[in-house]
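First the structure, then my questions, so here it is.
In this document, chain identifiers A, B, C and D correspond to the written order of the chains, with residue numbering beginning at 1 in each.
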Amino acid sequence: MHARITADPIDPAAVLGRVGSERDGAALLFVGVVRNHDEGRAVAGMRYDTYEEMAADVLEAIAREAAERGTGADVAVVHRYGELSVGDVSVAIAVASPHRAESFDASRYVIEEIKKRLPVWKKERYVGGEAQWKDGVVPARPVEAEGS
Amino acid sequence: MHARITADPIDPAAVLGRVGSERDGAALLFVGVVRNHDEGRAVAGMRYDTYEEMAADVLEAIAREAAERGTGADVAVVHRYGELSVGDVSVAIAVASPHRAESFDASRYVIEEIKKRLPVWKKERYVGGEAQWKDGVVPARPVEAEGS
Amino acid sequence: MTISVRALFFAAYRDVVGSKEMRVDLPAGTTVSGLVSHLRGLGDPYSALPASPAIALNRTYVGESATLGDGDEVAFIPPVAGG
Amino acid sequence: MTISVRALFFAAYRDVVGSKEMRVDLPAGTTVSGLVSHLRGLGDPYSALPASPAIALNRTYVGESATLGDGDEVAFIPPVAGG
């Protein structure tokens, strides 16, 4: 298992290279990329801010949870922050498992949980110069004990 | 769109490199690998036979269908045949799309359809020397017109 | 009138039949199921083919009632196992 | 008795507050919601913070009734948008 949040460019092939063994029949690499449009507007780039220390913990927890789903998978995930341009890789998730279903399940789990609770924010820069924080997801709060 | 059946080793990164443009925010690479075990038996390798001319047509049809699902995805798929060893790549499927859901959907579609209808068969070689054809899936027949 | 088709055998079916291809002459109008019956009626080893295998006619899956034409390529497709 | 905590602001909340971090002195036993009320009561710009933001206490999401301790790191977490 490998989880990292970094300001360095991500090499997706290297992330894929971190998973897999002779017992694994399937590997899956998800790559998130800054695209040139969002909700109808032309995008020039994206700034990713993060609460780095917490994000490292949360990303590791997500990877561990994904690895422990089903019959087990090998998981590596790297998320970037800083100034990104169109085409730059923002996240790479590699999973390997004996059978394909577990790889699809674990990969999807990691990206969906990232969207739900990784403390990362993105400020979209539009062609023309304007910029704004992208709408996000309110992280779920832990359930509190009655009367506490 | 790219679909190929080949006896040559597959380079998954090259297959991934065939998809994606600036409009795409997600890319997904699925890699099928010969694993060292199957149903409790130690596997030494796998021979893939194919009906090559038909397989080329079917693989292209599957890729086209996947590309046309949802709001559209860019799809590349390469399937290998011949003698493979443990760790060798048997299939690589790359998909890119504006949003992640379409990439997961298209990737899964391609691998599931391959399993259902691509005319490929595998003979498993076990550690110790025995070999046998792996159980497969009976391809669905087209529905026939009444009385035809 | 007689037609001539190429029957192709793959994987386990090739092992059963002992060859990858054979030419078969049939009456015009013969269907896929007619060809299968004809072959199975030839006795060993063809009788070991299944009564209702998946068939591709000219590289497309077809049902048993499809009619064969002269020069057709008729492939006997064992259960597939790609990926 | 008084405790001292570090309040951290990120992304849109940092833009609102105009700083990334501040030290806040509070009575012992203050909860997360007590801290939020305290800050919002300081007036502009803090009054523009939401009444019930997501909060991470020492890098873990907590509910509003969590009690703060001396030296705690209390992060105001705007809706997240990773990936």
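FYI, a contact is a pair of C-beta atoms (placed from the backbone, for glycine too) under 8 Å apart; a residue touches a chain by one contact, two chains touch by 3 or more.
Keep in mind that this is a model prediction, so the values were computed, not measured.
The chains in contact with subunit B as well as with subunit C do not exist; no chain meets both. Centre-to-centre separation between subunit A and subunit D, using Cα means, comes to 26 Å. Averaged Cα coordinates give subunit C a centre that lies 75 Å from the centre of subunit D. In whole angstrom, the spacing between the mean C-alpha positions of subunit B and subunit D is 51.
Within subunit D, residues 83 each touch two or more of the remaining chains.
For subunit B, residues that reach two or more other chains under the stated contact definition are 32, 100, 111. Across the whole structure, chains are in contact as follows: A-B, A-D, B-C. Residues of subunit B that touch subunit A in their complex: 12-13, 16, 20, 22-37, 86-87, 98, 100, 103-104, 107-108, 111. Within the complex, the subunit A residues that touch subunit D are 32, 48-51, 53-55, 57, 79, 90-91, 111, 114-123, 133-144, 148.
Residues of subunit C touching subunit B in their complex: 8, 10-12, 15, 54, 56, 59-65, 75, 77-83.
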